[in-house]
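Chain IDs A, B, C, D, E and F follow the sequence of writing; residue 1 opens each chain.
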Amino acid sequence: MRPSQRHPDALRPIRFTRQFTCHAEGSVLIEFGNTRVLCTASVEPRVPPFLKGKGQGWITAEYGMLPRATGERMPREAARGKQGGRTLEIQRLIGRALRAAVNLNALGERSITLDCDVLQADGGTRTAAITGAWVALRDAINSLMTNGDLKTDPIIAQIAAVSVGIYQGVPVLDLDYAEDSNAETDMNLVMDDAGRFIEVQGTAEGHPFTRAELDALLELGAAGIRSLHTAQRAALETV
Amino acid sequence: MRPSQRHPDALRPIRFTRQFTCHAEGSVLIEFGNTRVLCTASVEPRVPPFLKGKGQGWITAEYGMLPRATGERMPREAARGKQGGRTLEIQRLIGRALRAAVNLNALGERSITLDCDVLQADGGTRTAAITGAWVALRDAINSLMTNGDLKTDPIIAQIAAVSVGIYQGVPVLDLDYAEDSNAETDMNLVMDDAGRFIEVQGTAEGHPFTRAELDALLELGAAGIRSLHTAQRAALETV
Amino acid sequence: MRPSQRHPDALRPIRFTRQFTCHAEGSVLIEFGNTRVLCTASVEPRVPPFLKGKGQGWITAEYGMLPRATGERMPREAARGKQGGRTLEIQRLIGRALRAAVNLNALGERSITLDCDVLQADGGTRTAAITGAWVALRDAINSLMTNGDLKTDPIIAQIAAVSVGIYQGVPVLDLDYAEDSNAETDMNLVMDDAGRFIEVQGTAEGHPFTRAELDALLELGAAGIRSLHTAQRAALETV
Amino acid sequence: MRPSQRHPDALRPIRFTRQFTCHAEGSVLIEFGNTRVLCTASVEPRVPPFLKGKGQGWITAEYGMLPRATGERMPREAARGKQGGRTLEIQRLIGRALRAAVNLNALGERSITLDCDVLQADGGTRTAAITGAWVALRDAINSLMTNGDLKTDPIIAQIAAVSVGIYQGVPVLDLDYAEDSNAETDMNLVMDDAGRFIEVQGTAEGHPFTRAELDALLELGAAGIRSLHTAQRAALETV
Amino acid sequence: MRPSQRHPDALRPIRFTRQFTCHAEGSVLIEFGNTRVLCTASVEPRVPPFLKGKGQGWITAEYGMLPRATGERMPREAARGKQGGRTLEIQRLIGRALRAAVNLNALGERSITLDCDVLQADGGTRTAAITGAWVALRDAINSLMTNGDLKTDPIIAQIAAVSVGIYQGVPVLDLDYAEDSNAETDMNLVMDDAGRFIEVQGTAEGHPFTRAELDALLELGAAGIRSLHTAQRAALETV
Amino acid sequence: MRPSQRHPDALRPIRFTRQFTCHAEGSVLIEFGNTRVLCTASVEPRVPPFLKGKGQGWITAEYGMLPRATGERMPREAARGKQGGRTLEIQRLIGRALRAAVNLNALGERSITLDCDVLQADGGTRTAAITGAWVALRDAINSLMTNGDLKTDPIIAQIAAVSVGIYQGVPVLDLDYAEDSNAETDMNLVMDDAGRFIEVQGTAEGHPFTRAELDALLELGAAGIRSLHTAQRAALETV
């Protein structure tokens, strides 16, 4: 039995709160159970230097955790004077994942920054961030289209992410912190709505995993992501 | 008439949401209208090096803004590699203000860090932070007393803060961003529940202010802070 | 009795040495008793990026202490790799105060940087810095007018600053280090020559202060600043 | 046809030069074709603070590229003042991979740092680094056993890594730079000598990949890693 | 003819002002013409970690320039967040030179830091710094001996420094800025009172120099340093 | 007898390996005995801001040591977040030395960066770096001339460097680490092929040195550098 009492293939309750804050073009509070991440999409009319004059846009992401998002207070990265390796790794992942959702040529010479800030952490913050950021991005691009700034929709895929892992020998979906910190294997999957992979990142924590275990995890994750895609669409239908 | 349509002596709607997040010993979302600051109080069983072995505790504060808390996205301080002067100035102010609320000898050899993170900004973030942080501190200390970690209450004062300013020649209370960015004079007051001053910080933005204007601002602020003290106590009475 | 043996309303001996160094357009060694601050005003023919092309000038300030300006040696900020919060807070204050002295439109597209470096510290370094920097600024602008670079005088106010505080229950003027480190309340005032306030920054160190105490401090400070204004004018009359 | 003229399942020529430098306990120059990485293993008789007194050891890794290891000169990270996100991500991967090779309890309270410095880059530097670092680690631990510092061998697995990807629709093994920069999908695999996975990191560069493509890449990589394990053992048999 | 109108072998007017500031154990304002450097010697009862428990002392130096010590304002190193290469090079030189003056074993487990801060620059700041720092060090050690903290004098040599260079083909002593910035060769010499060398640092600026030129510069510098030694002793005789 | 068993005037075996890596315009592995430094020369079609539009080129250098180039592992400068004083001092020296070899006007508006990375250290890394960097520079400029990018050769001098020192009272040439760390005096010489000096940097480590000792060291170094010049030319004659 999982510490969370969930069935191995059960997601935690998923909740999207759109327009969570008022300034950003897209602003979504995503909850995977007790994990809560505020994802904002900010549109800016410029691109980084390496893209200047190429007629295409850019999507990037930044990730942070509030110091007391976790059980013990973590030092504030701004005060320490640098972002840690884990932070950089996660924000690079979020950026790559969301760029796979967009035709950058169709976006025009503008940037969208996805800021994913963890208000409360209970495992799976990076997968919640990607799943929420896609909805924030969708909202931001809808506002550009409504304003007439964009004529054609640059979004080419619906993206969501989930974690899977092996806990006490059993493949389980969407690990919370208690499960994740004791998992033997941990894998994050990012997939599109055609069931294809954007990212597969599996790490043996306790012991190496076999091909059969890998296959089981991939199946479990694919099913979980289908549910997340459905939840994203439902969230976007509400006003 | 103020842009906010408020009477000169009217606060914005004030709202406290306690237990906003689950890990911190105190966690309060404070709202001054559209300004929303998450204030967490984290208790740790150690003190900074300069206090080691002196038998007393420590209260400190850190302040941050999410990049898109504002109308235009601001660069993330963790990514820039340092906290700006404004951030440091504000967190020093919050720390001094809250230390005035506590008998550090009665706190014992432990630290409480007040993290004040602005989720949405509309003027007055530092005064909202102080007002909310005091409630988070009260909750954290209550939990220490409930656990038996503290026998006597180290809190010696109730602290709140508000901004006042001169807008188009009229002294007004609790300025929002539209008012603050056009004010001729801007003042932040921190006071205790005996009506005494902890901090007075007045700055001539547009033109120098006279003693009569200063007096008017002090009166206006003192009345506003009395209302905030009442609101803090009401928030603490709910479960 | 004050440790300095002064009457409560007595300033320390004030001394201005103009042209203390030879390169800067304005260079003033200001002494408030044993506190000695070198204030230089450097004119540069450019403005910060946010002001480019707006036809106006800029005044800014930087503050530093030599490592052994104090009783115990302090680590050098350049070696530590960053300016501390206290330094940033003080230099922001000096900059705001001096900007209140100048019509930036009349200054033209040039910057004046006021570097205030403490050679010897004995309390009140920030107020000495502001008082000395105004004289350095006056000298620098005089040189621009003499050279014909400026036709009309952009200086619109004479600015000085002083500290006041409550020491053993008595309001006292211009605290030295021995007094300041034991004061119950500490306040810095910046005022113009019309008796109006530019900045009021009061902090309860030992215990909160009442409105009556605040009023007494404001009176004491205003009188002190009138003397400083007289001393500034006298210093400028010498060649 | 691949730019490198290789068959899809062909590795580049692999070469290990042990004792490439004289000071380190293990020092291996690994070559995957034109990619050359110097991997040193340094033994130190201490562990990081979080492991003090726990009776176990630690394995960590650092990664760097010489500025002109690449076709165009890259800025030196030491001069820029920080390691980039890519560097941190790679060195975290190398560290995790090598920790999977060692029973940290059997290592005793000592650290081994694996420095992987790229002298010349032509794609696949992180997989070459892991493959070479394992040999350097083996040499360093052999020297501890020879000296009598270790009685039992703490190495529990043989680890190697390779990249696979889809180039012009064809799954290919061990991509060089020309192939990697045009691949549609890029995957790095780290496996042990029992054919189990330590890490799977797949990224869709050009377009998302299907489950069938993923399966093909996993097969290709597993075969490549078997060859690398053989090459590692052969290298260790020479004196 | 030199721009300074001096004879090739003439020093600038040299002036030492002891007790220039009041807190430091040694505090000397040294002037080489218009070059003015404040040298303080700070005694602290501890040594750096690498010397702990070895029963010996340490001498170190730090160097800085006030931003407007020069003709054009230089950015403040504390604000830029790091000391430049020139600064580090100079303070390493000063530290080495002064350590040559002291028997560190006889100093006991204490450190003396020599802070050399340039108030006004006109060439030769590093040689002025060394020459002044030796007097500050002498004063600091005298105070330790007067207090009974030291029984025997740890100073083993009298140290001074001067620059020499080739200006328009002629070897000249103690170059000011106008000379130094046009010199073909620039050399700094540090010597003891027995006429021996502590440091020789010669750099061809305009064109390489011959052995004959080097010999001429060494002679010129040795004579200049003899004069500086005399001036140091004279300064120490005054009260 | 020297620890290295060499005669006082004997260099260590000197070896140049050109084209050591494949991307750089010049790439030389220089060996002075066990000291091995990789020197690459990178040509870039731009100059630093202070030279823009002046029609001349620039030569600069950077220096680094791999963490385990030394007997004990040194912290990686990129991870520490800054280059140390020793590193900056050395790379400034290398840059000055190589600029003396080139007519910057004849180079045109391009930069050449000499990266000198120590793979293995055994004393004399800076002199090996200069000696090797000159060969890398020669190769890079030859390639510019071969390509027709340069019509006339901008190289105006052949540059090499060596260390000399006094070991147990005897002047010795080209000190290895065992000798260098026990030398009483340490001097680095950079000279051109006309026997003139580019840099002379002598430091008394153990005790001050006399003029006679200095003369002996200069003779010894000049002879050593003549041999290095011959070795450089021989290396360039091979294909």
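By definition in this document, a residue touches a chain if its C-beta (ideal position, glycine included) is under 8 Å from a C-beta of that chain, and two chains touch if they have at least 3 such contacts.
Heads up on the chains, UniProt names are A, B, C, D, E, F = Ribonuclease PH.
Model, not experiment: these values are computed from the prediction.
Asker: Chains in contact with subunit B and with subunit F: which ones?
Answerer: Output, common partners of subunit B and subunit F: nil, no chain qualifies.
Asker: At the interface of subunit A with subunit D, does the proportion of residue numbers present on both copies reach over half, so same, or stay under half, so different?
Answerer: Same, since most residue numbers here occur in both copies.
Asker: Repeat of C-E among E-F, A-B or A-D, where over half of the residue-numbered contact pairs coincide, is which pair?
Answerer: The C-E interface is reproduced by A-B.
Asker: Between subunit D and subunit E, what's the gap in Å when you average each chain's C-alpha atoms?
Answerer: About 51 Å separates the centre of subunit D from that of subunit E.
Asker: Measuring from the mean C-alpha position of subunit A to the mean C-alpha position of subunit E, what distance in angstrom results?
Answerer: Chain centroid spacing, subunit A to subunit E, equals 59 Å.
Asker: For subunit B and subunit C, let me know how many angstrom lie between their CA-based centres, rounded off.
Answerer: Once rounded, the distance between the two centres reads 28 Å.
Asker: Name the residues of subunit C that each touch 2 or more other chains.
Answerer: Touching at least two other chains: 81-82.
Asker: With touching defined as stated, please give the ring order of all chains, subunit A first and subunit D second.
Answerer: Sequence of chains in the ring starting at subunit A, next subunit D: A, D, F, E, C, B.
Asker: Where on subunit C does subunit B make contact in their complex?
Answerer: 82, 85-86, 88-89, 91-92, 96, 100, 157, 187, 191-192, 194-204, 208-211, 214, 218, 222
Asker: Where on subunit F is subunit D touching in the complex?
Answerer: Going by the criterion above, the answer is residues 21-24, 27, 34, 36, 38, 40, 42, 44, 62, 64, 66-71, 73, 76-79, 81-83, 87, 113, 115, 117, 119-120.
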